[in-house]
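Shared chain: subunit A. Partners: subunit B in the first complex, subunit C in the second.
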Partner chain A sequence: MAKRTSYFPELKRNWWLKHPYFKKYMAREATVLPLVFFLLCLLAGLYSLLQGAESWQGWLTFMQSPLVIAVNALAFIASLFHAWTFFQLFPRVMPLRAGGRTLPPNLMVLGQWFGVVVVMVLAAWIFMRGL
Partner chain B sequence: MTTKRLSIQRYLPEQGNNTPYWQDFDIPFDDSTSVLDALNYVKEELDGSLSYRWSCRMAICGSCGVMVNNTPKLGCQSFLRDYEGPVKIAPLAHFPVEKDLIIDMGLFLDHLAAVQPYLINDSRLINDSEEGTETFKQTPAQMEKYKQFAGCINCGLCYSACPQFGLNPEFLGPAALTLAHRYNLDSRDQGKKQRMPQMNREEGVWSCTFVGFCSEVCPKNVDPAAAVNQGKVESAKDMLIGIFKG
Partner chain C sequence: MNKGTSLNNDASENMRRSDEPIWWGLFSAGGVCFAVFVPAAILFIALLIPAGIVGPDALRFERAHSMVFSLPGLIFIGMVICLPLFHAAHRIRHGLHDLKLGTEHLNKVATYGGAALLSVLALVGFAIGIL
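And now, the complex of A and B:
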């Protein structure tokens, strides 16, 4: 019998550039990057609050600079995009059953968006009260 | 009759050519010409040396999987009419290539065997002296729980769609983990305890990052990504229970 000579193509580091589906997947994964920036901003805010009034004012000025607002706006849009993809995946990972039937996926997606609205309204009520 | 250009990846090691190369063929086609029909046309009319697998021609046997324009497809289920411009045909990705479009599925079969994808139930051997003469009973509601995941035809398209399997061939992969979950959900089965150690491994469910392309390419709409990620929930539960039991 002849010797087997198989050829094994290796997956290169840029594999995700080879298909539109993988690019979309990587976009979803990349939404974490602007979110990390937003979290660092929050941490810096807490730290400057502990440091005193001057430091706090400095942080407020930093947060109002157009570039920071732009990146944080990107973080907001990215997290909404991530939520949109995640909410669609949720009914597939945890199909809920009620009365012997699986709940329709659309209903579960809507339920999650309803949750987002509730949290947003609650946050607005808590933080806007004093204004 | 109009023609379509097919670019087929050839690999003929027995002829001393150890690097794959592309060969073009012009195929006459109409609305009913599938990629598999086109490959058959090449073999019968243009170049008899072309090698590829096929059998049923109706998306049941799962043997004619190839990459069509970088996407895993069953040759019998994809049609030339749906492709603009030339069509690139290559062997299924992430597997060793033996010759032309023929891959070695050995690793995939090993992963399948590892999760014991069959009913494990010893109750009848203990309780019933006439072992194996009675059929298992199952209600439609019990069957509904796993039915979608039972449609797998072992074509391997999901493995070619999975970058995690491409990066680490030790990953059990979509079809094997789906079948493990499918049998764990089956009311007739008692083998979950034996399957969980495989699913709990790092090369089990936890290597999946929910790219989701496996479910996109599955010709039977099995949704392996859903099954694997439901497996993560099961694996987490199994680990927690393990901690409390000590």
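And now, the complex of A and C:
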């Protein structure tokens, strides 16, 4: 076997800092970090709910601490950024056809944002009913 | 001798069924949940209620208990905790690869294993609560 002589440039660890497009890509990858924090908060809440009213009150107080609110605010922004990138994929992966014509991608993106708003209205109803 | 065919035979003998479609499917499903359901969950549970904008009674113990340990509660755990966990695991796995950290196998076991472990923890917590 001939020795491979083609040139393979070595990829450095900071390759993604060199172009805005790659930075955006890595920012999207990083959206899951504050998400994981929020999910761990929910798991802690589930188990404090199992341990009784006092423990649950402790979790509610934990959720009120400024640092926790700050990280969760970041998670909220990250989830919207993720949604913005994710919704653009749907028309490309699965173009919908209606009446022999492909639906405009913008309309599909808008439809998905409408879904987010509907879920928020539903959440408002769930959390605020009877208050 | 037909070189192309023999190469193909070699390839098919060595080919094992890939598990990637499973992880890809969980990543996509989790991505939809992260985009559509998680923003509302963060907004109410981690921002509006802790900040006191939505009434403090919204998550009082009895109310939270009956909300979580019910069929809608199980759907909530699946769509807002378990699936987003696998979405996060996939992105962390590929993020580690992009930063040239760890090894393929170790990262895969750690990320998907972590998501599976936390999902089981959530489902066990739910099961304890309804029993």
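Everything below uses one rule, namely that the second predicted complex is superposed on the first by the 125 of 131 C-alpha atoms of A that agree within 3 Å, B and C clash if a C-alpha of one lies under 4 Å from a C-alpha of the other, contacts with A are read in each partner's own complex, and residues count from 1 in each chain.
Just so it is clear, a contact is a pair of C-beta atoms (placed from the backbone, for glycine too) under 8 Å apart; a residue touches a chain by one contact, two chains touch by 3 or more.
These numbers were taken from a predicted model, which means no experiment stands behind them.
In the three-chain model built by superposing on subunit A, subunit B fits alongside subunit C with no clash. In the superposition on chain A, contact is made by A:His82 with subunit C only, not with subunit B. Of the two partners subunit B and subunit C, more residues of subunit A are touched by C. Applying the stated contact rule after C-alpha superposition, one finds that A:Leu49 touches subunit C and leaves subunit B untouched.
In the superposition on chain A, A:Trp16 contacts both subunit B and subunit C. When the two structures are aligned on the shared chain, A:Leu39 is found in touch with subunit C, with no touch to subunit B. In the superposed pair of complexes, A:Arg92 makes contact with subunit B only, with no contact to subunit C. In the superposed model, A:Leu107 makes contact with neither subunit B nor subunit C. In the superposed pair of complexes, A:Ala70 makes contact with neither subunit B nor subunit C.
The gap separating subunit B from subunit C in the superposed three-chain model is 6 Å, by closest C-alpha atoms. Residue overlap on subunit A between its contacts with subunit B in one complex and with subunit C in the other: 11, 16. Contact residues of subunit A toward subunit C in the complex are 11, 13, 16, 26, 29-32, 35-36, 38-43, 45-47, 49-50, 52-53, 56-57, 60, 63-64, 68-69, 72-73, 75-76, 79-80, 82-83, 86-87, 112, 115-116, 119-120, 122-124, 126-128, 131.
For subunit B in complex with subunit A, the touching residues are 11, 13-14, 18-20, 70-71, 93-94, 96-98, 104, 141, 163, 166-167, 210-213, 216, 223, 225-226, 229-230, 232-233. Residues of subunit C touching subunit A in their complex: 31-32, 34-47, 49-51, 54-55, 57-59, 61, 64-65, 67-68, 77, 80-81, 84-85, 87-88, 91-92, 94-95, 98-100, 118, 121-122, 125-126, 128-129. Within the complex formed with subunit B, the subunit A residues making contact are 2, 4-9, 11, 15-16, 18-19, 21-22, 25, 89, 92-95, 100.
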